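Two complexes, one shared chain (chain A), two partners (chain B, chain C).
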Partner chain A sequence: MKLKLLLLSPFLLLIAHAQGPTADQIVDRVTNIMSPENSHSKGSQTIITSSGKERVFEFESWAAEKGKSTLTRYTKPAAIRGQAFLMLNNADDIWSYFPRTKRIRKLASHAKKQKMQGSDFTYEDMGGGDVFQKKFKSRILTEETRDGAPTWKIEMSGIPEEDPPYPKIIMWVRQSDYYPIALDYYNEKDFNTKSLVLSDIQLIEEYPTAMEMVMTDNKERSSTTMRTLEITYAWEPPKGFFSERNLKK
Partner chain B sequence: MKYWGTLLLLPSLLFAQPEFFGYFESEASTMQLGSTNYNFGFNKFRLDVEARPNDHVQIGANINIQQYWGKTSWDVYDFIPVDHPTGQGLIFTIPDTILLDNFYMKLSFKLADLTVGRQQVSPGVGYAWNPVDIFNSKSLMDPSYEQPGVNALRVDIPLGDRSTVSSIILPKDVLDESTHQFTLKSGIGSFDLTATAAYESEKDWQTPLLGRYDVSERNLIGGSVIGEMLGWGVWVEGAYNTLKIDIPPWSSFLPPDSEETYAEYVVGIDHTFDNSLYMLVEYLHNELGVKKQENLSLNHYIFALEGEVNSLMQDYTFFYAMHPTFDYVTLSAIVFSNLNDTSGVFSPIIDWNVYEDTNLSFQGSLNWGDSDTEFGLQDWGLIMNITSTF
Partner chain C sequence: MRQRLIEKLADLAVNKTRTMLWIVAGVTLVTMILSGGMSMTPKWSDMLPEGDKRTIEFDRILEEFQSASSIIVVAQGAETDIKAFADDLAPRVLDSLTIPGKDIDPAIYVRRVDYKADLDFLKEHAFMLMKEDDLKNLKDVFQEPCLAGLLTNMNNSFEKEFIQPEESISTREEEDGALIFLNGINSWLEAMELTLKTGNIPAPTAEAAVDKLLLGEPYFLSYDREALIMNLIPTFSMIDAFMIVDGTDAVQAVLNEVLLDHPNVQAGLSGAIAVGRDEMVYSSKGLEISMGLSFFLIGGLLYMAFRMAMAPALALLNLIVGLIWAAGIVAVVVPVLNIMTAMFMVILIGLGIDFSIHIISTFTEMRAKGLPLLDATQAGLKKSGGGVSTGAVTTSVAFLALMVGDSRAMSELGLVTAIGLLAVMVSSFVLLPVFLVVRERRYAKKRIKKGLTKRAAPRDLTLKPLGNVGVFIQNNPWISLISVVVVTVLLAFSAREITFNHNMMDMEAEGLPSIMLQDTVQDKFDLSMDFAYLVSESVDESRELKNKAKELPTVASVEDISTFIPSDEQQARRVPYISEIHALMESADAAPIRQADLDLIRQEIERLEMNIMEFQSMAFLGGQDKVYSRCTEIVGSEEAPPENTIFTRIYGLHDQGPSIVASKLGVFQDSYAEYFKSSVLRMANTDPITLEMLPESIVDRYASKDRSLFLTTVLPSGNIWQDKLFMEQFSSELETVSERTTGMPVIMRALFDIIGRDGRNAAYLTLILVYLILLIDFRSFKDALIAMLPLATGAIWMVGLMQIFGFQLDLMNVMALPLILGIGIDDGVHVVHRWRLEGPRSAAIVLSSTGKAVLLTSLTTILAFGSMMFSPFRGYASLSWALIFGVGACFLTTMIILPAFMGLLDKKK
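Then we have the complex of A and B:
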């Protein structure tokens, strides 16, 4: 009996491969690709409101442990220069630093639902790590071509006990490299509140990287473009980098 | 000799490719006090310069130029519902100022950070009140406004990623008479914990109302906890104080050699709702304050007006709500009340980010309470503020 199973196993694997990866396998690959061990980047954030007014912010950001720890410091405009946010444990622990008052304050995790400097991204949206794997249950809805690329359309339903950032997310994952190119975020009423499109995907130090991300608020009719100006994954965090001490620098 | 620090730091600033930044702030206020309306305001220019000669050294300084207009001389009895013993007023004038506010050098060693010079120190986790803060006092109308610098020597020694031991010394001629504050900060789970001990001696208190007299000694033991519970931000900050005050004999209406032992604490919660509405509530209990209105004396009012105590009476609440309602327009409101004399202030605020670095705000205030209460004395006020940062 054991011998029969051994003989059959290569065929079973072939059948499984022919059927394509499961939703969980795709989400695992997406998480790996989207969460390099470490990164150091400079970026800009352009907010265009529903009335067409534009604001541009620039920031420097560091991430480690596959996005579990991040530190973001704003460099422009002058009004918020030096404001910094330290997020540990996938943004479950947040500290803010305001240079005008020289005060560091621990924020409760509800703060991660706040908009980043009034943009369409929340602090939670910027958190990395294994949120998709741990806080959502995934299934493949269909395979379709989007922006000329064959994709898997994955539905991720939030697991209520895990306090997911959104009740539901639909994600389009490029089949060629498992890179997500679009995400739709839904609220409790199953309304598509926000949409994220990732573009200008370049291979940086072996990691596919979206140099541009556009988040559109479908209710407010505003949008925020996050542009990566510089990025490296070769950065190694010095000991104690993700600490309050460094937040003030 | 007094300016040796300036001589040392200035060349370093100039030769280390400094960055210049700051802001211009102009504020116009009107206030109804009884049957009289007062107009007043100020123009403030703050210029910061910061240099980092290398990764381990940071030098910073800022100059504040502040010019007042409108009513600049005030009678303290307009704000106090008690009669002066001599029947005369106590007039004080707010002068225009040019102030070297902060002027410091921070050295980052492998095991510690050392900051010397005039620097801003803001201990505590409370928003409206900070019982462990012996350096500053806050305005309830704008608790998040920057604090002035203090001449200090500060050492921060990190112990792991979440723990730090800090020592702040405000040096005087004699080390024993210098103010010391020691803080141990650490974290457990989603909570930050702080333990504080402070000693303050021979603090010069140059009040425009009473001349000079001294806090001869103050001892403080306190701490704070801040974290999260059931999805809400929660914090508590408290201190136990022993305060000795030497009052000159010519201040005949003040009791001489007053000594107080008192506890003071603040508890607070905050939350951001899914619709981006942010809310914060704080409660202050201050044993140094007076519980019953009939026990209030001039001494208590002056202590409170001078910012030497956090509150006139014992029990207060502070409420703050903020919502980014329109494009670059934030609507918010502050409500604070004295629970002992049941007076309070409701203050709605409109804040408009007109341009990228320019904010225009209007802050109203509607007071309630009897005319002999802390906040009921004033009727209403309106502040227009424009701040442009560069």
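Then we have the complex of A and C:
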């Protein structure tokens, strides 16, 4: 019997390989790829204001513990230069520093579901961690080609007890490198309320990195473009870097 | 039979001239009287099928809900000026109105004017109308009336604003809420500044500041506070077409009068009724101009072509009589014309004149050959009559084929134009020969009077160059046909590229005052008029629809009566917070201000300034432009240190010395505190709100006249005109909420679908029917097919050329496609008729004679349609261009393809 199994095992492995990875395996890989330990980047954020004008901000951002802690400081334009946001515990705790009044204000924990600095991203969208693994159940819907790349189309259904950020997410994951290239977010009524497209994916220090992310809010008919101008994953946070005191610097 | 009828008509024209004239006069008089019953509707919904549920619902809304048919006054100027203007206009517009020179008795056109929020109702129930979250956040503000306490509580509440649940100021609703809060604070600070400056403050000023702080701005002001809207509720609705013009003119007259007393204010009328009035008046004027212009241009063209003054006069006179007959019959069949059918007269001018041209051409040709009057009349009618009657019947059948469609736009246009065309054809056969006979007799009498025995030498009125072109093509048929095929293939590719313009705004009249003000409302108030409607039968159902609609991705905001009548559960949940506010405020007192309190007051004012600055930063990051600019007005910008803001001025006034400042702030506190306390206690009313408690101004906005139906207005989150997919998504999503969804977006989406489908079906049917008629007429499959070839090719050329010249298809000009099938077929019919009459290798005479007539009729049609370009309705201009391309293309293809076939087929013979 054992011999039979031993003889069969290469075939079983082949079959398993031919069947491809499971949804959970894909989501695990995505989480790993999307959550480098630390990073330091410079980027720009383009929003459309309520009167239809385009506004571009530039910022410098630091992240540690796979995105659990982040600090973002705006550098341009002059109107908000120095304004900074500190997010700890995967955006459960958010502080903001206002250079004009020199005050630090804490935003309540439920602010993480709010739009982040007028963008179509929420604070939670920008928080890192293992949200996809812990708060969703995943299944592969189909395999399809998107933007010329073979992808897995994965449905992630929120686990109600885990307080998921969205009831449902559909994610397209590139088969070549397990990098997600698009995500559709759904509300309780199963309407596709937001869509994220990741593009210009470059391999930076062994991590595939989307240099451009466009989040479209299908209800507000607005979109936000986040562009990475510079990024390194070889950054180590000094002690006390992610602190209220450091917000003011 | 046709020949016998033609002979009889010719005989009657020559031998019973006077009787015929009397009969024509009688018919003309009767039809003229009948035509007086014709009217026009400016509603796009009247173009949808009659039984269409969206149209029925839309009409029901217009009839039942006063708010759906309002006249909007838009005033622009400084805030104080426009408010004074509104206060002045409101009572005067409610008086009985007379239109100078029109009415003897005064007429009441305006039932009510809404230009201020109903503060009395809000003062009684404002807290019950607040959302639970807002009550949680704002309850702090309403705890203490004393200055220090109020400032502290205001700051506490301000700092909470950052942590509002879920959406914060990310939506327009939230942004508006933030603006109300900021405006209230600013107004209250201004009252403080005034007291610090003068040591006194009038009670109404203090009370108005408190009202603004607690309830917001009562006037409907724009975001920049430089424009104001007044909503005039008329005694009539959009359905009452006649009242639209009279009522709007009457209001305009009062407005003009009031404006004389307010030289710094600019104001005008907009809204559904004023736009409807402008569209009716200007489109009628435009069509009148078009008709006049086309008569003038066609007359000039005919004069040049026939080289005699009487020919155009007779042709036009005959056309006018035919048009009167047409109008009389149409008034009975379709008494109310819609935007599309209103232009049938212009189409008839373009097409109807053709009959006269053909008949006059052949008559003068026969007379030129020296035939006696009766023979010439008979021969002339025979030569052109076949082509004219077949052409008229094929064109009429083509128009009647439009009736296959469901939309009234297309089916009624088909019906009225077909009837009109047949009426003009009849007048051309009955009246025109009589006119020609009368003219010939008068001419003969004149000659006798002058002692001339001989007729003037006959003039050759044919167009030789066209005949020469025909001969060349006839002799080189393959060159012509290959060229046509190549051009047609190229233009077919071009035609495939043509796009459809769904933007109805590009169709509307340009430069009309009411439309321009609509744009002002859109810009200054961020208010679109393109909303959809849902109707419900109870407040609860309305609330349910609202909640469902709000969830839709394509919906920006929803307004309905349930905003003013929260559900029983909602009201019950709010009661504890309201009771808490009541209890706290009841026990609170405003102790006199002492010098020792000044530091705290100053600190809290500075804290308030910092809060607004931080709010400003968040608004800048959040792209909330309106909040950002309002904050900037209050605290200055981040880049330049504030020098002259309300805060810097108040800080400056604090330098007057502690005792003076304490005393003046005491005066300020005394002026508002008691009113603030009593207002808050009044607002903290826990009585449940019921429908019966709502003021008329609110109920009228949402409820039908008998209060049995409730209106929900849904604003789309995107521009429905610039994104067709969005329009479709918005409409279909709303249809999942209610089957009875209606309104402009829904109606226009349906109209696009129905007109597209109707046009396609009508085009196919037209082609089949025209072929069958030609088959009956020619009794030859081949000849019928040949006569249709130039039309099919011309239709491809038309669309291809439109694309090349940068035109798009739209709701109006797409009608040109089935229309051109009816119009363009005439060219082929006339040429093939003449060719069969003249025999083989007759291109020279066919093209120089009939070809000239076809050229003339094409030019007259082009001139008639071209005159529509002067209509303020850009939709008419777009249709006009499409028809010009179509008529021109069909003429060219006829002149190239048919002589080539003459060459090919006659060679075989």
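In this section, the second predicted complex is superposed on the first by the 231 of 249 C-alpha atoms of A that agree within 3 Å, B and C clash if a C-alpha of one lies under 4 Å from a C-alpha of the other, contacts with A are read in each partner's own complex, and residues count from 1 in each chain.
One rule holds for everything that comes next: a contact is a pair of C-beta atoms (placed from the backbone, for glycine too) under 8 Å apart; a residue touches a chain by one contact, two chains touch by 3 or more.
For clarity, every value in this text was computed on a predicted model and none was experimentally measured.
By the document's definition of touching, of the two partners only chain C reaches A:221; chain B does not.
Of the two partner chains placed by the overlay, chain B and chain C both lie in contact with A:78. Legend: residue contacts after superposition of the two complexes on their common chain; A:93 is shown touching chain B, with no touch to chain C. In the superposition on chain A, A:105 makes contact with both chain B and chain C. In the superposed pair of complexes, A:186 makes contact with neither chain B nor chain C.
Once chain A of one complex is fitted onto chain A of the other, the partner contacts of A:49 extend to both chain B and chain C. When the two complexes are overlaid on their common chain A, residue A:243 makes contact with chain B while staying clear of chain C. When the two complexes are overlaid on their common chain A, residue A:59 makes contact with neither chain B nor chain C. Residues 49-51, 53, 55, 78-79, 98, 100-101, 103, 105, 107-108, 110-111, 113-115, 118 of chain A lie in contact with chain B in one complex and with chain C in the other.
Residues 49-51, 53, 55-56, 77-79, 81, 92-93, 98, 100-103, 105-111, 113-115, 118, 222, 240, 242-245, 249 of chain A touch chain B in their complex. The part of chain B that touches chain A in the complex is made up of residues 21, 23, 58, 108, 113, 119-122, 125, 144-147, 156, 158, 161-162, 164, 190, 192, 226-228, 231-234, 270-272, 274, 276, 278, 324, 327-328, 353, 356-357, 359, 389-390.
Across the interface of their complex, chain C is touched by residues 47-51, 53, 55, 57, 74, 78-80, 83, 98, 100-101, 103, 105, 107-108, 110-111, 113-115, 117-118, 187, 189, 191-193, 218-221 of chain A. Only residues 159, 162-163, 165-168, 170-172, 175, 551-555, 610, 613-614, 617-618, 620-626, 637-639, 717-718, 726 of chain C touch chain A when the two sit together in their complex.
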